[in-house]
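Down below are the structures I want you to see.
After this come two complexes, each holding chain A, first together with chain B and then together with chain C.
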Partner chain A sequence: MKRWTALVPTFYIVFLLLPIYWLLNMSFKTTNEILGGFSLYPHEFTFANYMTIFNDPTWYMGYVNSLSYVVINTALSVTVALPAAYAFSRYRFLGDKHLFFWLLSNRMAPPAVFALPFFQLYSAVGLFDTPIAVALAHTLFNIPLAVWILEGFMSGVPKELDETAYVDGHSFWSFFLKIFLPTIAAGIGVACFFCFMFSWVELLLAKTLTAVDAKPIAATMTRTASTSGYELGLLAAAGSLTLIPGAVVIYFVRNYIAKGFALGRV
Partner chain B sequence: MTKTVNNKAWVFVLPVFVMVAFNAIIPLMTVVNFSVQETFGDNVFFWAGVTWFEQVLRSDRFHAALGRQVAFSAIVLAIEIPLGLAIALAMPRKGIGVSICLVLMALPLLIPWNVVGAMWNILALPDIGLLGKAINALGIEYNYTRQPYAAWFTMVLMDVWHWTSLVVLLCYAGLVSIPDAYYQAAKVDGARAWAVFRYIQLPKLRHVLTIAILLRFMDSFMIYTEAVVLTGGGPGNATTFLSIDLVKTALGQFDLGPAAAMSIVYFLIILFLSWLFYTLMMRNVES
Partner chain C sequence: MALKLEHVAKRVGADAHIHDTTLSLEPGSFNILLGSTLAGKTSLMQLMAGIQAPSSGSVWFKGKNVTGVPVQKRNVSMVYQQFINYPNYSVFDNIASPLRVAGLSKSEIDAKVGRVAELLRLTPMLRRRPNELSGGQQQRTAIARALVKDSGVILLDEPLANLDYKLREELRDELPKLFAGRDAIVVYATTEPVEALLFGGNTATLHEGRVTQFGPTPEVYRRPMDLVTARVFSDPPINTAEIVKEGSEIVLPGDIRWPAGAAARPIADGKYTIGVRPHHIVPFAQHGAGAALEGRVLVTELSGSESIIHFNRDGKTWVSQSHGIHPFDVGSLATFHVDVDRILFFGGQGELIS
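What follows is the complex of A and B.
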């Protein structure tokens, strides 16, 4: 029984890794070898694809641009979501339930719907082609998600904690920053992970709101199709490199997930 | 938890409200504006009333795209939710295996969506892709650029590959948080594995499952980038989902009015279905 259950995650992980292996495999091949025929591993092993990326600013700046708006977005979304989630978890106020669902409804707005109006809006306020524009645009779906996750974690913390702190003479902010935030550190970690993830993988809005200076890596990759046919090797190398930031982030938050959360109430 | 009534709590919510409103209300108004006007270019607009809405709601093309979108979401949810739950149940709870599983399983979630599309596009090619080559070697004729059912199979498989881990992570976190006392009580009562699952684990997972189902529903209903890169909506219109059709209308043909009307109808459908899921699951929680 025990041995049998271990097989399920193992099979699943193998299934997950096969496409990733194929991507890595191609990234070490020349485009000619990729198109030349089927092979399970690179016969003419090459780092040329990676060298091209690291030596060409239009390539590596794509990573810098993507990372900068993702980091700004994550910090911004979680910071403003913290007090809001506290309000939702502790107080009843005018319109609270409607507001909560309205926030969630923005998580449901298809980016395809908003692409053109976003372009007009951010051009009008003069932020077009800056990382700030993309960071702000991504708050549309990340703030609601962060509020949702954090509210769940906060509702799991008994209210007695707040009351004891006030009795002990803490002011609200002293309690909130010194006692409450450390208590829900796991929730903050999980919220950051999800904000990072959804901002890092989104392309449609990021591409719409940038032209040259702030172009994200995912958009830079689409140009390999136009310059000289399909440079598959280069595309695969660039794609492989997009795995790294995510892998680093999940490595840091893995313990929060491993400890578990039930999200008090939705 | 009993909550205090305090309208000053609005101060805490205000930053969130302002930022989301800036991003949501202004663009939404722009879309509403387009949806009731006719333009011949040069920024000249004429009032068109509900013409575009009538046109969209009556068009066969819209119905077909909506049907494909609904079918896709239904198939994907039916596979990913039970599969994710099963994998979470089978995962180790202690030791180094936990970290390995979590890090490796989260990888697909953290790949930009166009890279996911491009990966599967090449992986499934019958001549140079691992998957395409393997399926053809089994003696099954498979070419997703020509056969609609092969395109659907590849699309669903890609989504399962991409998103099942989200369900796994949420369910796993929920499972780990169940206190040991529950399991011990079940042991004392001599409960079998199925009873433990049905009466302890499943009820305790209700919250995380609600989040998982809602997130998977919303995102599969809005799937765009991966699908466009994988098949471009083809072969023919076989995988032209609502989102793809929408962008084709808005950018390809530059029909702003119909595209805007379609956007609003699309948004309202997602809103209504999500509200339905949300209320149904909340009712379950309260009862």
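What follows is the complex of A and C.
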């Protein structure tokens, strides 16, 4: 009986990991082997797919582009959200609750709604096909998210901490930068993670606002039913590489995510 | 040198948090703000510190008007009920924080922090973070930070309320010693009358944003100026009743007649409100002038050395507090003895008559 109960989570985990295994499996096969028949592991083990990606600029620039707009976006969103979240957590002002809810409602509109206005706007101001265009577009839903998350963490810090710092003689900025930000470091980590993740997986705006120079990796991947037929091995290798940044970022914030959930803000 | 509040008031929107208040606190004095939760203790302290600016009136310190001066420039210290420390700083850096901002040299900082840490028995913990310490040690750190700079005003906002019983007693004994020999004005807010009596000094009683009386603690306790002050400064709550004085007797509702005690003899006949402190009603006969009051026992709270008995007489609840253990069955009839000489008499406006 006992052995049966252990099988349930095992089965579940295997079920979850199967597609990832299959992706990795394919990435080390040649396209011929993939199309040739069913095999549980690569019979002709090859790094050729990965070598192609690392040597062909049309491939690796996809990663560079994606990472650059994601990093710009994360830095921008969190920097802008910090003072906003502080205001929401510490001050009462006219319409503060409505404004806070309105921020969140920005996340309720599908990105497709904004694709056209953004496309036209960025074309007009000459930002089209730059990482900055995508980074700015993604702040539309990442700033509200970051404000929402950070406000939760900031409200967990008693306002008496602010007062104590002022009583000790700290100016507002000295308090905010030297005492307050380190105190909510976990919250900043969680906010960064979510901004990073949403920007990394978002495809529609990223694809609409770029053409050649700033093409994100996900767009490159959808393109490659190329002249030489289906390069399935190459696509699988690209997919495997795409998983890495998310995994790295979540490793750093893994302990704080739970805290974010506990605050009910994630 | 004193801290003076002159006609200070604080309004937030339509709510008055602090009504017109005038107070003068002398250097080297220990001042207690006594009042229940939301009485305005914290609001008043924020005005004294300069964390909040008053809506009207002025604050004077050492003869200078400091009404608009921000808290950073006031040279005050504050300790809160919650243990407020900088979580990302070590205990040493927490205590050193006000000195660093003031720009003291490293050797001066080391010496001052060392001294105050020794005083508060924090020396072994200096390298640790506040969240690795016990509650008592965390609050000691906060007190150390308040003491390390030579501030003119030290504000303590219920600093012992979140500590467990043992630590509270321990720190309560230490506190007056820490301030002895300083010429700082110490202000200590508490909800507990017992704590005010233990510390002595001066007491200001607060009720709904108003300072009802300010003076030496024993005097405020013994001669409360009005009924509100008497209520604030009594735990368990003071017993009150509407009475009529008729010659050598006072008549309570239900035609209970007590002999007029020492306090009642000089006053004119008529209607009064009396206040009887719970420990002046005891469940055993005392020598001297006394009056009996029979009632049905509602609740008995027996602590180690004390009995608090709530009883009912003619639909009115009375509280008795006495030394020793006096167990009564709930619902039983018991006779209590009232020390009539200690009854307080208040007039129609609640003012103390005698």
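Throughout what follows, the second predicted complex is superposed on the first by the 245 of 266 C-alpha atoms of A that agree within 3 Å, B and C clash if a C-alpha of one lies under 4 Å from a C-alpha of the other, contacts with A are read in each partner's own complex, and residues count from 1 in each chain.
In this text, a residue touches a chain if its C-beta (ideal position, glycine included) is under 8 Å from a C-beta of that chain, and two chains touch if they have at least 3 such contacts.
Small disclaimer: the values here were computed from a predicted structure and weren't measured.
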item: Partner chain in contact with A:174 - chain B first, chain C second, else both or neither; value: second
item: Partner chain(s) touched by A:152 [first = chain B, second = chain C, both, neither]; value: first
item: Contacts of A:183 with chain B and chain C, given as first, second, both or neither; value: second
item: Contacts of A:126 with chain B and chain C, given as first, second, both or neither; value: neither
item: Which of chain B and chain C A:57 touches, first, second, both or neither; value: neither
item: Partner chain(s) touched by A:101 [first = chain B, second = chain C, both, neither]; value: first
item: Chain B versus chain C as contact partner of A:250, first or second or both or neither; value: first
item: First, second, both or neither for A:164, with chain B first and chain C second; value: second
item: Set intersection of chain A contacts, chain C complex versus chain B complex; value: 158
item: Contact set on chain A toward chain B in their complex; value: 5-9, 12-13, 15-20, 22-23, 26, 34-35, 37-38, 40, 76, 80-81, 83-84, 86-94, 96, 99, 101, 103-118, 120-121, 136-137, 139-140, 143-144, 147-148, 152, 155, 158-159, 190, 197, 200-204, 217-218, 221-222, 232, 235-236, 239, 242-243, 245-247, 249-251, 254-255, 257-266
item: Interfacial residue positions of chain B with respect to chain A in the complex; value: 1-10, 12-13, 15-17, 19-20, 22-24, 26-28, 30-31, 86-87, 89-92, 98-99, 101-115, 118-120, 122-123, 127-131, 133, 161, 164-165, 168-169, 172-178, 204, 207-208, 210-211, 218, 221-222, 224-225, 243, 246-247, 250, 256, 263-264, 266-267, 270-271, 274-275, 278, 281-282, 285
item: Chain C contact footprint on chain A (complex, rising order); value: 158, 160-161, 163-171, 174, 179, 182-183, 185
item: Residue ranges of chain C touching chain A (in the complex, touch as defined); value: 46, 49, 51, 70-72, 76-78, 80, 82, 84, 86-89, 97-98, 101-102, 142, 145, 149
